[in-house]
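Okay, so subunit A shows up in both of these, paired with subunit B first and subunit C after.
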Partner chain A sequence: MVEVLRALRLYVLLQRASARGAMQYRLNTVIGILCGAVWQGTGFAFVWVVMTTFPSLAGWGLAEIAFLYGLRLTAHALAMIPMISVNDIQWVVREGEFDRFLLRPLNPLVQLMGNRMGIAQFGDLLVGVTLLAVAAQHAHVRWDVWLVAFCLAAIAGGALIEAAFFLALCSLALRMIDTFQLRVFVDDVFSKFGSYPMKIFGGVVEWVLTFALPVAFVAYVPASVVLGKLDSPWAPAAPVLGAGLIVLAYRIWRRQLDHYQSVGH
Partner chain B sequence: MIRVDGLTKVFRRPRTFSGPLGTLRTLVTRQYEEKSAVAGVTFEVGEGEVIGYLGPNGAGKSTTIKILTGILTPTSGTVEVNGLVPWRDRSANARNVGVVFGQRSQLWWDLPLIESLRLVGSLYDVPAARFATSLKKLRDLLGLDDFLDTPVRQLSLGQRMRGDLAAAVLYEPPLLYLDEPTVGLDVLAKEAVREFIVETNRTGRTTVVLTTHDLADVEALCRRIILIDHGRVLFDGAIDALVDQPRRLVVLLESGPGQVRGVSRDADGRYVFDIHDDLPGLIASIAAEHTIRDLSIEEPDLESVIKGIYAR
Partner chain C sequence: MIRIGFRLALAYRSNILITCVTLVAQVFLLRMIWTSVYGARPAAGLPLEALLAYLTLANLQAFATHTIVVSTAHHRIRVGTVFFDLARPVGYLRQLASFQVGNTLGGLCLLAPVVPVVLLVGSITAPADGPGYLLTLVLGYVIAVELALLISLAGFWMTETSAVALFHRLVSQFFAGTMVPLTYFPGFLGVLAEALPFKYLGYVPAAVYVGQISDVSGAVAIAVAWVVGLAGLLVLTWSRARRRVVIQGG
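Here is the complex of A and B:
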């Protein structure tokens, strides 16, 4: 426990340092945040346009879809703000910078995570939280403490699911296997399919996105529970999946770390 | 301090094919190429020693250092550094060692040097008071004051290397690995680095393992060297013993079917004599029988001795 607190304190310290480094390129930071916000904003604007023509998609109204979209985006942002720097892993390994992390008395993953601040992802967070807040008031949900708590757990669980897939794929770079394209693809699947009601994709796709690649559990299943559209007994347990997957992903990471080969001079 | 026994590291990678469909065959092949970077290296380093770990490019120096620092896991053999197995107790080992890679900075590129040093202090849990005294000492010793507030990316190579040395000893590790710490430096900067190493070793009893291609570093710092090539130890011992050879007289004679007694001509047509005591006598005895065109005296030096060992 002491070790975890120490890692957390040092992570914050490293992130603050990388933020200070990034602030030397102030314009970059502003552009980064704006781009994130505009990119995600246009994504939802498109849904909005579609919904002015079709007021309901698979039985979901605009406010409900906005809620789902916001839930997914918030989870995504919270996963990526700490994880975006792990995305650099193949360059970090290739440049020999990863060696440095192994020379210091702190978990190398924590050091990698603290290496760079996810700037654009704050734009994602901004849009996600705004959508959630607005949609929550328009979506005819009777809010109580338990439902809010479930929502927070769902966001955390969703973030962990995305982070787990991301971490497992990134860890292969420790063995010089480049999964960058695969990561872009998986991220695309999470955002393209995870932000809308699964029903509109129908049959096989819905099954695959629920059980093979658990995209549905990031936002669709929890949102359905909140909006009273899903009444399966297992659905409220959706947030737990994230915790399980992240443990699994971390084990994969550790496994790959044992096979790390470094690079020549 | 360091005990290495039968250390071996084999790198294994899929065989690469060339020719038509070569890329595809490389992708699916189950044939592997194995290359041993280190093949059964054994040595010990005692507390307070400064040893030169030398070898040509690709000899296995960096691989050894990477195993000793815990970056790499060896294929076989045992290593104990200060009672720890480096790759198994990575964190604990990290606290005992300082590492400088001359080719690669350990500092934060975009931050002023002082902030890098503060971060290193935090990562190694150095208490504030100890950090302050340590920093003050290093500022004097390495002359850091001029560039303490400069972002690392704007430092000259010599300044950056001094910054890296400061970061490596800030937490006062008993053991220091220096991998080509003088590479690319000018004469003065090299001198500063050497002085710092001597000082650290003298005052802190710090053990130093040094790899370098600059034998002047070795002559200035090390009493003992370990020579490796093709992953094997070729020589391990005192430099003094290595260069303790007689001076040599090299003679070029006027052409002719001259045969000097006891000495044959080398490939360049020169005659080489070991000088034992009576140099004038030796020259006189040669001059009595032959016409000397040119002569020179060669001092035994580390470089030629080492070349000789590699050539064996």
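Here is the complex of A and C:
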């Protein structure tokens, strides 16, 4: 426990340093955040344009889709803001910089995460939270403390699911397996298919996106629970999945770390 | 330069492969969304078959006519190697344009085997106006390259163009109508999309193909006007830019 707290404190220090670094290029930081926001904004603009002409997508109205979209995006941003610098792992390994991480008395994953801060991801967060806030008022939901708590748990759970897949794929770089393109693809699947009601995909694809790659559990299942569209007694437990997956992903990371061989120079 | 661009496209095969898979996923997603919304409310205007063919084509086009010249030029300005480009006896703009054309051709070679898959996942109908489609597509491509060259030249003033380039890509894809035909853009957004040149990169050729635009002469005339206008702007910008050249390092 003491060990974890210490790692957490050092992580905060590292991130504060990288935030200060980012603020040295203030304009670039602002543009980075704006780009993130515009990127996600045009994504949602598509939904908005379609739904001004066609008011229902598989029985979901615009406010309900916006809620689903916002939930997914917020979870995604919260997963990627701390994790994005792990994305550089193959360079860190290839340049031999990772050896230095192993010598320092701090968990190498924490060091890797503290390397750099996700900037564009703050733009994602901005759009995600805005969508959630606006949609929560317009979708007919009777809010109470429990439902808000469930939403927060769902966001955390969704973030953990995305982080788990990201971490597991990144860790293969320790054995010189380049998964960069694969990560781009997985991220794409999460963002494309996770933001719409699974029902529209039907059959095999719906099954794959629910049980093989649990895209549905990031936002679709929790949003259905909040909006009263799903009756399964198991559905409210969806946020727990993220916790399970992140533990599994961390185990994979540790395993790969045991097999790490330096590039040697 | 054409050959260099061509080779570059083939050199990053795995990169292109993943982009192809992404393209298939994108077309599948659009198909499912549009089938779903059309099911809820029967077609107003375009029948579903034509709409799906439109979306499939528009996405294939967006993929095939994607330009990389801005990032290449940006990189060479940043590290200073643009000096060698300027020292060559061939005009800078011509070099960039040839590079882009070669790169597009290379991309097309890699795209060719994926086309049947995309058509299967999406949908396709017989062309309503084949020659008109090809003509508008080529014009659209010329406009796309001209716009990319303009942004590349902006690099001589701004040095850092990556943010502008990303912004341009997002805006142009949205207003090209690759995900929604322009006819469904509501109110002000529709007016804006009609006025911008981006529709010639996606909407116009695809709409000609499925027969939504039956008379191509008007669209062709305006597209040609854009091509000429942008070419003039390019020449003007270039004559100013070459006087401003600052080589980094040296």
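Quick note on the criterion: the second predicted complex is superposed on the first by the 265 of 265 C-alpha atoms of A that agree within 3 Å, B and C clash if a C-alpha of one lies under 4 Å from a C-alpha of the other, contacts with A are read in each partner's own complex, and residues count from 1 in each chain.
One rule holds for everything that comes next: a contact is a pair of C-beta atoms (placed from the backbone, for glycine too) under 8 Å apart; a residue touches a chain by one contact, two chains touch by 3 or more.
Small disclaimer: the values here were computed from a predicted structure and weren't measured.
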item: Partner chain(s) touched by A:Gln181 [first = subunit B, second = subunit C, both, neither]; value: second
item: Touched partner set for A:Arg251, first subunit B, second subunit C, both or neither; value: neither
item: Which of subunit B and subunit C A:Gln261 touches, first, second, both or neither; value: first
item: Touched partner set for A:Leu103, first subunit B, second subunit C, both or neither; value: first
item: Residue contacts with subunit A in the superposition, subunit B compared against subunit C; value: C
item: Touched partner set for A:Lys192, first subunit B, second subunit C, both or neither; value: second
item: First (subunit B), second (subunit C), both or neither touched by A:Phe201; value: second
item: Touching partner for A:Gly32 - first (subunit B), second (subunit C), both, neither; value: second
item: Touched partner set for A:Thr52, first subunit B, second subunit C, both or neither; value: second
item: Of all residues in subunit A, those that touch subunit C in their complex; value: 28, 31-32, 34-35, 38-39, 42, 45-46, 49-58, 181-182, 184-185, 188-189, 192-193, 196, 200-202, 205
item: Complex contact set, residues of subunit C against subunit A; value: 14-15, 17-18, 21-22, 25-26, 28-29, 32-38, 40-41, 44, 160, 163, 166-167, 170-171, 173-174, 179-180, 184-186, 189
item: Interfacial residue positions of subunit B with respect to subunit A in the complex; value: 11, 62, 66, 69-73, 90-92, 94-95, 97, 99, 101, 103-104, 106, 108-111, 115, 119, 122-125, 151
item: Sites on subunit A touched by subunit B in the complex; value: 6, 10, 13-14, 17, 20-22, 24, 96-97, 99-100, 102-106, 258, 260-262, 264-265
